[in-house]
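The following pair of complexes shares a single chain, chain A, combined with chain B in the former and chain C in the latter.
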Partner chain A sequence: MMSENKVLNALKKMPPVVFMLIALIILFSVLNPNYFAVNNFRNVFIQCAPLMVLGFAQTLVVLTGGTNLSMNAVVNIVTVLAVFMALKGVPLVLAMVIAVVAAVGIGIFTGVLIAKGHMPAFIATYGVQNVFNALALTITGGASIYYNSDLYHKVYSSSLLFIPAPVCVVIVMFIFTWILLNKSKLGMQIRALGGNREALKLAGVNVVRSEITVYAVAGFLGGIAGLLTLCRVESGQPIVANGWEFQSVAAAILGGSSFKEGKGGVTGTIFGVLLIQIAQNGLNVIGVQAIYQSVLVGSIVLAAIIIDAVVRMRRRD
Partner chain B sequence: MGKTILTAKHITKLFPGMKALDDVDFDLQEGEVHILVGENGAGKSTLSKCILGAYQAEEGEIIYQGEPVKFSGTKDALARGIAAVYQENSLVPYLNAAQNIFLNREYRTAAGLLDSKRMEKEAKDLLVSLNCDYINIKKPVKMLSTAEQQMVEIAKALSFKPKIIVFDEPTSSLSDREVESLFEQIHRMKAEGIGIIYVSHRMQEFPLIGDRITVLRDGRKIRTVGINDCTNEELVNMMVGRDVSQVYVRSENPYKEEALRVDNLYDRSGRVQGVSMVVHKGEIVGLAGLVGAGRTETAETIFGIRPMASGEIYVYGKKVQPKNPKQAAKIGIGLVSEDRKTQGLALRQSIAENIEAVSWEKDFPGFFVSGRKVEERALKYKDNLRIMTTSVRKACQYLSGGNQQKVVLGKWLNYDPDILIFDEPTRGIDVGAKMEIYALMDKLATEGKAIIMISSELPEIIGMTDCMYVMHEGRISGKLDRSEYSQERIGQLMMIGQEGE
Partner chain C sequence: MKARNLGKVFLATVLAGAMMAAPVMAGELSKATEVPVEELPVTGIGTTVATEVKADGEYKIGYIAKNTTNPYMVAQAAGVEKAGEDMGFEAITQAPSTPDSVEEQVQLMENMIQQGCNAIIVHCADSNGIMPGVRAAEEAGIIVLTIGTPASQDTFLRTGVDYYETGYTVAKDIAEALNGEGQMIILEGPPGAANAIERLNGINDALADYPGIEVVASQTANFKRTEGMSVTENLLQKYTDVDAIIGANDESALGAVQALKAAGIEGVLVGGFDGSVDASNAVKSGDMFETYNTDPYGSGYIACAYAVMYLNDGTEPAGKFIPFPSAQVEPLITADNVDTYINEFAWFNAVQE
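Then we have the complex of A and B:
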């Protein structure tokens, strides 16, 4: 009896998105018997690797009470910058490292605008998005740029203990952000920034610095997501990540993170990202035309957010 | 009484356009509870903030443990042993008790990660020493009750091993039982030699914990008196600077007509169980009970905020069923809610906009609104209600509690409903403003409004009402007419739901 109750309690604590995810998978497997092929799930995990990492970054920002709409631009510019430098003769690996450093720089710049300039995160990050998207387009002249190397393929197709390399990166980033959030001083500050900024000030914390740090970390994660994307598309793509900035916010919210109270965490975000990715992938598998796909994915995400809100309201009662 | 631990001399603190503190002296001894009283804006908070290092005084000096000090900020004062328990919750909702207590002082392991075990153990020890080991240390504090959160705050203050603790209105959101256990802790701290500065409006609490009282008015110190050297009346006189022998006013009621009848009212969540009551025109009817007895819930059900499960409501003989506040207002019911900051007011909006808030449609049936008319109307209420402000365009968040409450009242007076429900209308406001609100309620009743008054303060509900219903666990446990009032009878009905033998 006890253990049954425990199971029930554990189920009750799960974010509603988990159940919606299961429902979605069942739906797709009914519509296409081949859906359950192992390969397909492997693909889902590989495909969503960059969005996963962005989702973790976005979760940190959401917990501080903000949104980072420049995450797509960070990914875009990282792919472009790395290829651009490689074309100018910089060794590809070094170019990648520099691109990630640049991503951190963008994060710091964004953080300064928000924390020091007292700009609403939504506006500041939207501005930053536009600036760096435009820069990426300028560098490439509006097209994709290519630098030939087998490094991309090596990274993307190798595996460790049967786990594909991109998924390994996701796991490492998950552990990194989880520890950051739950086992570090910064984590406490992140929850306080969103939950009760005044309390943080009273505790003598330099809130400007901690907020900037959060955006810097988000920039770093954006850089990693950028490298994952680069290895997948094997080119500098100035618009490859457009749309991910909102998808990552949606994933964080679906995963149970809240703007207001510093509530939530990166674990839930995994399910949020999976929901979005599985919706996309499933529509592919059951053969929905591309033009209808985004309508359906959008509707699924919207429905999920509504169901989630309703379930949470009920639970509170 | 121990030796003097802190002396503040000739403190003057200037704010733009005003002297918040003017040449104030104050001292605190070891193991003493020194109460600071005064109307809102008298300078209590400013003085305690100067001591806490949040403000730096322009003139005067603070001598702490025998030497003059100048704190650069709260962190500085905290490090030297001056801590505070704030009125507004200063906890982070989704951190647990231990994480909150050690915010920015986290213990870390050799690897640089948080040492949760050690923090949880020390937090547990602190809570045990406060007799609060029932508090779950691993739960986010959001999940704890208000009183438990307050205890966590106190544990946090104590974790700094302070010599002085400033309490700013600590009981304003606690129930009687919780207040009692808070006072127990304060006595314990006293016994350990901690000096306590206690800012409060609640005069009935003073004799229970205080040693000395300092009265401030308009930024000046009026007097410091021993707790037994002065009556409540004298204290009030000192605070408001005028004679207030007549605190409660209640005039004869010339009307007989039945305004509101509630029959066997149930809400859907089981907080209101079969409430029946009658309010006549021109009558002030009390709704007494402990916090959580269902008084607010009853009001909210009548006002259409809470869904009604069964029962009937009649307004002037006509059966009504308000499904939301808008319908309730149309019917002629107004609710001055308990929590003015989140329910009564749009804090960031101006006084004028707040006063107009429920009346837009009534005052401007067409498409256009007139800002000038709204402002004129607001000015009228500013004068009638004596709202202290330089402009009605000012956002409500900058007003003191008493003035905010007056804006909420102005909002309903402007709408002019027949039935008004006042839920804790004087909570957290100073005695001068309280008296103005009492006088206003009396005037409204005399003009023919029917009024329900919910209050946790027995003296005020006894003083202001013509009859009262007492609630206990969602039910009406008794009805008393004014001639039957006694603290004892009301208390029994509140606590045990019936009158004793």
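Then we have the complex of A and C:
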């Protein structure tokens, strides 16, 4: 009896998106016999690796009550910058490290605009997005740039204990953000920034500094997502990540993170990203045309958010 | 009529292909192989394209476009679907939901491998970015065919137009129409885009044979009608005696047409590429001199024919890059044939029906 209750309680605590995810997988498996295969799920996990890391970054920002619409630009500029420096003679690995440092710099810049300049996050990050997207396009002259190396392919084809390398990177980044959020002082401050900013100020916390730190961490995660993307497309692509800035926000919200209460976390985000990716992948595999796909993925995400909100309201009552 | 230049064009294609393949693609891509028209697996062009090839087994062939917003891409998908009906295979046509996203194209390729496709045809959004998908398909023993923009390394086959040859053919025809004398403006494609560069090289190489033609300006219009119009307007301020304008695609050429009309200038020969609806109508009304039928419908169809022949009995194409359409199937649309084109075989009819 006790253990049954425990199971029930655990199930009740799970974000509703988990159940929708399971329902979606069952639906696609019924519709297409090729769908439910180890290889296909391996594809899904590899395909969503960059979005997963962006989702973690976005979760941190959402918990402070903001949205970071510059995440796509960070990915774009990282792929372009790394290849650009490699073409100028910098060893590729060093170029990648510098690109991630630059991503942290963009994060700090964004954080300063928001925390010190008191700009709404939505507007500030939208501005930053445009500036760095334009810069990425300027560096490449509008096209993609290419630096020949085996490294990209190695990253995407190697694996550790049967786990593909990009997925390993995701796991490491998950552990990093989970510890940051749940075991560190900053984590407490992040939740309080979204939940009760005034109380945090009264407690004597340097709110400006912690908010800037959040955007710096988001920049770092964006940089890692950029490197994953670079290895996947094997070239500097100035527009590759456009659209991911909103997908990552949707994933964080789907995963149960909220703008106002400081509630939620990165665990839920994993399921949010998976829902988006599995919807897309499933529609591909069962052969739905691209024009209908956007409508369907959009509807699934919208439906999931509505169901989620309703379930949460009920639970509160 | 146009066949007289075939030999020269072919030679120039091969020579120039050898010269320019190096900087653009690191010399890894094969040059065009011109297959005599009677040896092609298909007959006709545009919506009249047909074939004797039939699938011997149950094949699944996947096609990935660059986007769903460009009529050119929609027509290519329609060509692949028609091929599926005619040859008897299952055609799966897809496109990235974010237009021109090569990252999504790679995902689509992986998903098609998962679906058990026997061949994948892709109009690459980016030569280098598509390579992970190409490698994954080849590792799974699936042949990859590219149309238009090739992958950065040779795949089973590349078809679609040879951009160099399209530029060469149009520029030569216009130079001939001007009797080798006059001033010309070139509206280039987006800077850095490989297909635009190849086409421009073709134009310039053709004009090198006509010292009497002076290219007074060569500027980018980014394949866009609005930019074609504004760039032409600006240039017409400076160059009042222009005889011909070549746009790197129909859209930029149509922009030039609008600018000429607005300025009240007549008698300038405007050339473009693609054989789109608007360009065909402009040729018909006399506003445009000619356009090149790049026939996405037929090129999707012929790619399928080559794939099916290989799947049937392992037949390899005669080369790694077989252009279609090419100069030998008379792709130029001028006042002489524009009515037949619009009424009988234009690729855009496949989309508009």
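Observations
By definition in this document, the second predicted complex is superposed on the first by the 317 of 317 C-alpha atoms of A that agree within 3 Å, B and C clash if a C-alpha of one lies under 4 Å from a C-alpha of the other, contacts with A are read in each partner's own complex, and residues count from 1 in each chain.
The working rule: contacts are C-beta pairs under 8 Å (C-beta built on N, C-alpha and C of every residue); 3 or more make two chains touch, one makes a residue touch a chain.
Not measured: the values here are computed from a predicted model.
In the three-chain model built by superposing on chain A, chain B fits alongside chain C with no clash.
In the superposition on chain A, A:Leu200 makes contact with chain B only, while chain C stays out of contact range. In the superposition on chain A, A:Ile26 makes contact with neither chain B nor chain C.
Legend: residue contacts after superposition of the two complexes on their common chain; A:Ile306 is shown touching neither chain B nor chain C.
After superposition on chain A, the vertex angle at the CA centre of chain A, spanning the CA centres of chain B and chain C, is 140 degrees to the nearest 10. By the touch criterion defined above, A:Val7 lies against neither chain B nor chain C after alignment on the C-alpha atoms of chain A. By the document's definition of touching, neither partner reaches A:Ala134: not chain B, not chain C. In the superposition on chain A, A:Ser144 makes contact with chain C only, while chain B stays out of contact range. In the superposition on chain A, A:Val101 makes contact with neither chain B nor chain C.
Note on chain A: of its two partners chain C and chain B, the one contacting more of its residues is C.
Shared-chain residue A:Ile179: touches chain B; no touch with chain C. With chain A used as the common frame, the shortest Cα distance separating chain B from chain C works out to 37 Å. Looking at chain A, you'll find no residue that touches chain B in one structure and chain C in the other. If you check the complex, the residues on chain A that touch chain B are 179, 182-185, 187-189, 191-192, 195-196, 198-200, 202-205, 261-264, 317. Residues of chain A that touch chain C in their complex: 32, 34, 37, 39-40, 43, 47, 140-144, 146, 148, 152-153, 156, 229, 232-235, 237, 239-240, 242-243, 280-281, 284-285, 287, 289-291, 293-294, 297.
Listed in rising order, the residues of chain C touching chain A in the complex are 26, 65, 68, 92-98, 100-103, 106-108, 110-112, 114-116, 126-129, 131-132, 135, 152, 190-194. Residues of chain B that touch chain A in their complex: 73-75, 78, 86, 88-95, 99-100, 103-106, 108, 112-114, 116, 140, 142, 269.
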